[in-house]
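Each of the next two complexes has chain A plus one more chain, namely chain B in the first and chain C in the second.
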Partner chain A sequence: MSFTSVHDMLTPPKIIRKQRFWDFFDGDSLRSWWAQRDVAGTGTFAMQATVDDGFRITTGSTSGNNSLIDFNDAARHYSHIGSIFIGNMRSTSVTDHYTITGLTEQGASPSDTRYNWKNDSTISFMSMGTAVNSSSTNVSSSITPDTNFHKVAAEAKSASVIGWVDDILEAISTANLPDVALQPIFRQGTRSDNAKGGRIKYIEAYNT
Partner chain B sequence: MVNALVDYLNAPGVVPLQRVVDNFSGDTLNERWTYTDYNGSNTGSMDDAVGGGYKIVTGTTNGNNAGISFNDISQYSNTSSTLIAVTKHTATSSFFHEIGFKENPVAGGTVSFAFAKGDVSITSNYFLSSNDGTTATNTIGSVAFTTSFQTKEINILSTHLTLRLDGTLDVVKTDRLPDATQEPYFRQGTRTNVSKVGHIKYLEAWNK
Partner chain C sequence: MRHYKKLNISFAGFLNRELIAEEFTRPTQIQIGPRVQPHIDGNITFQKDPARPWAINCFMAQVNFRSSDEHKVMRIMNKYGGKVVQLREELHQRGHEETDNTSKGKEYNFECVDELISHRSFN
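Showing the complex of A and B:
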C-alpha cells in the first residue's frame, strides 16, 4: 500500500494534523533542533560511526556528572494530558549510571515535571517515571537492565501515563502526573567516578 | 513487502521524486529554512506552547512582514507538485498570511508563485493567488478566515491549480500559472500598526 504523502500516512482524512516530531539520529552531526547541555561536569556528544548505534552521550568522570539533549526549554510542544513518546535507547553499562528518555518540562531539572523511561542502576528493573513539581513516582517493569537497545514508549492521558517496553505493556502510573507542556529529552548520568555512556537512535513524539 | 518509508510513499517501480517534510518542532528552526524580514523588523522563533510549532511575529508598523523559504533552492515543479501545510494566524483583522510555493522569495520583485492566502485588504475569505512571472491574480474561495490551525493543500498541475482547505476542495484556478520552478514558502504580515502572528506546524511538499 502506498500513500500520497507522509501527512496522509499519519493523519486521517479531514483531521487537522497535530504537532509531531521525529529524529533518526543519523548523519554527520546532531540536528540543530536539539540543544546539547551539560547539567554537571562536561560530557561528550557525538554521532556513532558504527552500524546501528545512533547518537551517544558520554558523561564526565565524576560521580553525579550528567548531560542531555532537549529543546532547551524553549519549545514545549507536547501535551501532558494527550501525547505519546517513543524512544529507542540503550545504556553501555548496567552499573552506577542512569539513562533516560521521555518528555520533560525542564531538561536540566530531572526531578521536576515529566514522564519518561529509564535504566537506573539504583532500580532493579527498567522503570517508567512520572513527576510533577519534584514529586515523583517510579513504576518498575519486568525488564532487567542490559546494554541492548529497547524501544520504550509512553502515553500521557488526563488521569494516567501508560508505558511499553519493546511493545509490551509494562507500566501504568496514576500518581504525580505532569501538569504542564513538555519537550523531548535524552539524558545520561554517572553515579561513580567513571564516565558512562548512553545511545539513542530514534525519538518520536506527538500530540493525540 | 513494504518495509521502508520510501515504499509507503511510492508504488512499486516508481522512482521517488523530491520531497520535504518538516514538523516544526525543536529548539530551533531546521537549517533547511532561511528566515527573511521582507519589511521592517520582525521575529521568527519556535513557540513554547503545546502544538504551537514555529511562529512569525511581525513588527508593529503597517506593512511589516517576514517569511521563511529555501533561499532560491527551487526543487519543486511549476507544473506538477503539491504542498500540504498546517498553519494559522492569530487575528482575522488587518493581516496577511501566505503559504505555498514561490520562485525565489528572498530576491523580491515580480516572480512566479502559487500560494494560499488570507489578506483582509482583498477579501474575508481565503483565496488562491498565482503569478506567471508577469501578473498576479486571485481566485477567491468560500472559507472565511479562522484563527484555528487549518490544513492548506496547494496542488500545481500543468493546466490549473487547486486549493484544498481541511481536505475539502475549495478553489480551482486556471489563469496565471507559475512559469518557473518553485520552493516552499510561508509569510506573515500586518496591515495595521499592530503586530500580527502566524504559526506553522507542518509542511510537506513533493513533485509528482
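Showing the complex of A and C:
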C-alpha cells in the first residue's frame, strides 16, 4: 500500500490531523523550540550523559528558587477543552522540592492557568493540579513520591481533567479547569537552601 | 456558599475505573463561559482496594463533591453496587497550597471540605 503523504500514513482517512508535539530529550543539547528560564535563582540545564536519564534541571540553592523549560509563552497550541499531555519525569529527592510537568498558560507563574502532574514535598502523594486565573486545586493520587521515573498523563475535556500515573487512572478534577490555550512545561523548584534536581525524558502533547 | 462533602466508595465486580470516571464527569448541556458544566462537581482519587489488592476490578473512589450533587453521587454508588468505606483523609481531592510568609515561604497543603462521610466500625 502506498501513501501520498506522511499525513496520510499517520492519520485515518477523512480526518485532518490536529497539532501534536513530542520530544524524547535525546542528543547533546535541548532542541531549539524550548526556552530555558530561571524564575528565581540560577538553575543548571543539561542533557544527562547517562543511560535513560533524559534532561536535567537543577535549581539554585536558595529556598524558593525554581527553573523551567517551556515554549517561552510564545506558542500555546493545546486546547483547554480537548488535549492530552504525556510526560515521563522523576525527581532526584523526595524532600523540600517540587517537580512539575504538564500544560500551562504562563510558564513563570506557577499558580496561573494550567493542568499538570507534580511531585511536591508538601503533599504526601503525587498529585494532579488544575488552575484557572490563580485559583488552583490539587487532587491526590494514591502514588507515594519516590525518585523513579513515572509516566504521567492527563486529558483536558469539556467538563473535566482526567489523570493517569503509569497508565492507571488515578485522579479526576472538575474544579478550576483551565480556560485558555496552553503550552508544555517542565519545572523544578526547591523549598530549602539546597539545590534540587529533576529529570524529564519524554513529553508529548496533542489536541483531541 | 459552596459546601463540600467527602466520602470513599468501594466498588467491586466487573467494573473499571474509566466507567466510573465517565459516570462522574460526563458533560451536561449547560455552557459556562469556555466550558461545559460537569454532571457532578466532584474531584476523585482512585485507589486499589487494600482488602483485595490483586483484583483489578475492585477499587475505591474517594470523592469530594458539592453537597447539592449528593443524590447523583449516591445514585452512581447504588447503580454499581458501591459501598461507603473508611475515608483516607490523607488523600486530598480539593487540596490547596498556602504559603507561610513568616518562615521562608514554606508551603502547606490543606483541603477544602466541610463534611466527611465514613463508615463506622463496630468491632
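Everything that follows uses one rule, which is that the second predicted complex is superposed on the first by the 198 of 208 C-alpha atoms of A that agree within 3 Å, B and C clash if a C-alpha of one lies under 4 Å from a C-alpha of the other, contacts with A are read in each partner's own complex, and residues count from 1 in each chain.
Note that contacts are C-beta pairs under 8 Å (C-beta built on N, C-alpha and C of every residue); 3 or more make two chains touch, one makes a residue touch a chain.
Quick caveat: nothing in here was measured; it's all calculated off a predicted structure.
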Discussion item. Tell me the contact category for A:Thr92 with respect to chain B and chain C: first, second, both or neither.
Written reply: neither
Discussion item. Quick check on the superposed pair: does A:Thr44 touch chain B, chain C, both, or neither? Answer first, second, both or neither.
Written reply: neither
Worksheet item: Once the shared chain is lined up, is A:Trp34 touching chain B (first), chain C (second), both, or neither of them?
Response: first
Worksheet entry | First, second, both or neither for A:Phe71, with chain B first and chain C second | first
Worksheet item: Between chain B (first) and chain C (second), which does A:Met9 come into contact with in this model arrangement: first, second, both, or neither?
Response: first
Worksheet item: If you stack the two complexes on chain A, which partner ends up touching A:Gln106: first (chain B), second (chain C), both, or neither?
Response: neither
Item to complete: Name the contact category of A:Phe21: first (chain B only), second (chain C only), both, or neither.
Response: first
Worksheet item: Just chain B (first), just chain C (second), both, or neither: which does A:Ala175 touch?
Response: second
Worksheet, complete the sentence: Contacts from chain A onto chain B in the complex sit at residues 1-7, 9, 13-14, 16-22, 31-35, 70-79, 181, 205, 207
Worksheet entry | Contact set on chain A toward chain C in their complex | 63-64, 80-81, 120, 122-125, 127, 136-142, 157-160, 162, 168-175, 177, 179-180, 191
Fill in: chain A contact footprint on chain B (complex, rising order)
2, 5, 7-11, 19, 21, 23-31, 45-53, 82, 84, 86, 148-151, 166-168, 201-202, 204, 206
Response to the item:
chain C residues touching chain A in their complex are 17-18, 21, 24-28, 33-48, 90-97, 104-109
